[in-house]
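Letters are used for the chains, namely A, B, C and D, taken in the order the chains are written, and counting of residues starts over at 1 for each.
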Amino acid sequence: FYYLNAGDIRPLHRRFDRFSHKGTYGKVLMIGGSFGKMGAVILGCKAALRCGSGLVSAFVPACGVVPIQSSVPEAMVETSMGSEFISLPLPDLGRFTAIGIGPGMGVGKVTREFFEAFLNSYRGPAVIDADGINLLSGDPGLFSLLEGKVLTPHLIEFERLVGKCSNHLVRLEKAKEFAVNFGCILVLKGANSVISLPDGRQLVNSTGTKYMATGGSGDVLTGMICSFLGQGYSPEDATTCAVFHHGLAGELAAMSRWRGTIASDIVESIPQTFVKLGIS
Amino acid sequence: FYYLNAGDIRPLHRRFDRFSHKGTYGKVLMIGGSFGKMGAVILGCKAALRCGSGLVSAFVPACGVVPIQSSVPEAMVETSMGSEFISLPLPDLGRFTAIGIGPGMGVGKVTREFFEAFLNSYRGPAVIDADGINLLSGDPGLFSLLEGKVLTPHLIEFERLVGKCSNHLVRLEKAKEFAVNFGCILVLKGANSVISLPDGRQLVNSTGTKYMATGGSGDVLTGMICSFLGQGYSPEDATTCAVFHHGLAGELAAMSRWRGTIASDIVESIPQTFVKLGIS
Amino acid sequence: FYYLNAGDIRPLHRRFDRFSHKGTYGKVLMIGGSFGKMGAVILGCKAALRCGSGLVSAFVPACGVVPIQSSVPEAMVETSMGSEFISLPLPDLGRFTAIGIGPGMGVGKVTREFFEAFLNSYRGPAVIDADGINLLSGDPGLFSLLEGKVLTPHLIEFERLVGKCSNHLVRLEKAKEFAVNFGCILVLKGANSVISLPDGRQLVNSTGTKYMATGGSGDVLTGMICSFLGQGYSPEDATTCAVFHHGLAGELAAMSRWRGTIASDIVESIPQTFVKLGIS
Amino acid sequence: FYYLNAGDIRPLHRRFDRFSHKGTYGKVLMIGGSFGKMGAVILGCKAALRCGSGLVSAFVPACGVVPIQSSVPEAMVETSMGSEFISLPLPDLGRFTAIGIGPGMGVGKVTREFFEAFLNSYRGPAVIDADGINLLSGDPGLFSLLEGKVLTPHLIEFERLVGKCSNHLVRLEKAKEFAVNFGCILVLKGANSVISLPDGRQLVNSTGTKYMATGGSGDVLTGMICSFLGQGYSPEDATTCAVFHHGLAGELAAMSRWRGTIASDIVESIPQTFVKLGIS
């Protein structure tokens, strides 16, 4: 186990120069949402923008267009055929430099088909969260498609994926195995999130606060990882930076709000983390 | 009558530790809203989130989905069959650790049927407000189902419930009787809100300001009580903490706004109350 | 001509005490809006809330519900039969302590019928603005129904009402005549707004800034007058207070924004005016 | 090449006096948007308002009404026949003092027809951006209609317009030629935006930051140019002022946000630029 500190994070960040343009900063797609659960995508898109993504699009069922357009004017929205749930066909995924998939998506049949087709056809950088992980849990045959992907389960989602664990050490051991076996990065979210890497290393995050245990907090992390992936970071660097900045943003948000902290506060605190860590 | 002060509040709060997750902080449901009256649910959901609830869902008629999703991305929304009013069937209520019901709901026939079914089948922690109280007023046969519940009438709603009162002392006496007879907690909202407990005690709140007499202020209180109930507080502790923090949030909001204070300001001041009272 | 100053305003305000409740602060209705012009009602409702109204409702065509509910959770919304324009029948107007009518309403046939019916049947305190004034201009037969009402034309609307004026002194003279002849209060909005009273007096406002010449600024004033009318002020006091506070709010908003000031900034500065003028 | 500095900007601005009214400050129209791409219009409208426009309207497909009305209450919305894309007929364009066209509009057949009709019939001040430029690229026969117009391509849009360029000097040379040949103003957006004027001069902007390379930043500039055009500035002055203030607003926004800066932050920083530059 290696404990991450601020000094580890700085060298991982890409530097951008004066002649960058919004294309340099990547074009990411957040896939998720279903009827009544569009907020997850809103939070993810905002978080991706706040981490510096040049262009952010959402792919949602049609019922999500108005809430997203009313809430995030910087994002573009594309819609699935299904009005309430994401369903096939896949959109053209080759246009994006990274994809985040899962938040608020549901686990119904048409969405499962969509998710499987996504895994079978998309080879680029991606982060899989929430219902994406729940869909994986039901279908271990898909695990072989996870190479190079980032997964971000919380404790319950993780145990759905690998089975019940008797204690946290067992959980961490299984997380390591999962990452090694399937060549993916697995972030086990919790009090100290642990990043398991395909080479067997495990990094323990040192930022964060109990006040981040609030609905939408995980969707913010998904947007952040996706943003760094889309900016050309390696999956390891993108995940490490996102997890560390996410925890730090939560600390900053909670400083004046304690248990009154909500996910939107975490998003709004992301910019300060770049200043605080000196990431120009 | 006992006057509440800050020293009474601190020991009532649950403390959460570093290893809490959003499940620890409860999963609450706000049931309410009707065509043109969805703001009450928006305010209630925001207030619940600001008190620390881990997961907040709304149950509303379909017309409420877009406004809520556009306003509170942290909340999830489930819809009733009725497009403009809440109607049967009940959703699965067993998934929630507390429920708030009533704000903006209306008192029509289909909503009355829903409300009666709710009272007959839900045995968990709940707060009943606004049109929930108005529906009770029309049907005293339901009073026997109020055991363990929290009611939050303002003066007019209270007199609908128990009949006209010649003065405030009579009102307070009837409030005590109601709480004792039906085993519920009754918050009589006003200049100094009074909490009547099932054992006959009555607690008088010492926080608040005249500037809180504004539309939506009561919906905020409902969300706050629901939040603490959902975090595992006893009905007495949840109500006492919520009433005190609500008044304090109103004081903080009004400090720089006087009569220009609106309900959203009260919501946004809730986090400060935890800091001010030292409730980590 | 009498120049208003802060010392004139203070004694006009009603004082509310600790035992006030939201009913004490009035229940107002903003009637207006049409397809693509709902923002006027949003601004009016927000302004009314920020002046201390206890309960604020909007009456709009159905297309206005989602934008208002998404923007002002403190307001309730009722809808006209027409989906894009306000049309008959009238809602029950007796429930309100004051009504504002006109902003964004349009001047089409069905709305004209609604407006005429409103003037013929409503005897309570009201402020008429924007398209309400334009509708009046086309039908001088309605002028006799204006007794006790408040009209708030800008220069162009005013000349539609009374005919072209060769200079501002002529305009002011015609404003005086109009107020005296029809027993109404007429606010001629401009660099220094002038309030013409039914007894022939004319009050010149001393607050305001050129930076308030921005879309929606007038809608904010309408909401403010309506709010004070609904709180039980006489039409003269309500108008005088609203005009003065509106100008002061604009000054405060513009202090750090200069020509970048927008109507929403004026609304958000209203609370400060109560503090600054010491209106508890 | 001439490098713009603050001293150049001040004398270009119009001064408005106490007796201005919202008509003095112009009435502008932002034409753009399509299904899922309404945010561009929201940002443009907000930017126009923040630069001092008196009245701002949007012309969008019907699907854009709710997001715009929910996000910018100060703006009015008119809709095209097409529900998802802008299509003929043209609205009455003569009511506006300037028009911005292009952001988020798409390049489909019906929108192309609309755009061509616009160019053929509208002779007033206008700024053409984004998909407006993309539509031009496909149809050089339209270039002769660009006299007096302002075009704001980023590097990729520019090369679509004039063909691939081997380096930035070639690009600048082609930009000069384009402006001279077609009598228009062309802003080549980038690290240092360059304004090419019809008389062959080229002005290099000195404000801005790499943190402005974020989705929607260009839409903000379009709204700003349109605002100054509508306030009666010459196309050269409007463009020069807008480009300089846009960069400065970006610097101010980024000061505390670094790469966390988003387009909405730039909009909200516009008012400060007037204060900072002393443009009363």
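Assume a residue touches a chain if its C-beta (ideal position, glycine included) is under 8 Å from a C-beta of that chain, and two chains touch if they have at least 3 such contacts.
Since this is a predicted model, take the numbers as computed values, not measurements.
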| item | value |
| --- | --- |
| Intersection of the contact lists for chain C and chain D | none |
| Farthest-lying chain, centroid of Cα atoms versus that of chain B | D |
| Interface residue overlap between copies chain A and chain D, same or different (over half shared) | different |
| Angle (degrees, nearest 5) of the CA superposition of chain B onto chain C | 90 |
| Rounded Å distance, chain A centre to chain B centre (Cα mean) | 34 |
| Between chain A and chain C, centroid-to-centroid distance (C-alpha), Å | 48 |
| Multi-partner residues of chain A (at least 2 other chains) | 66, 70 |
| Footprint of chain B on chain C - complex, ascending | 16-25, 49-56, 65-66, 69-70, 72-79, 270-275, 279-280 |
| Chain D to chain A touching residues, read off their complex | 35-40, 42-43, 63-64, 66-67, 70-71, 104, 154-156, 190-191, 210-211, 213-217, 256-264 |
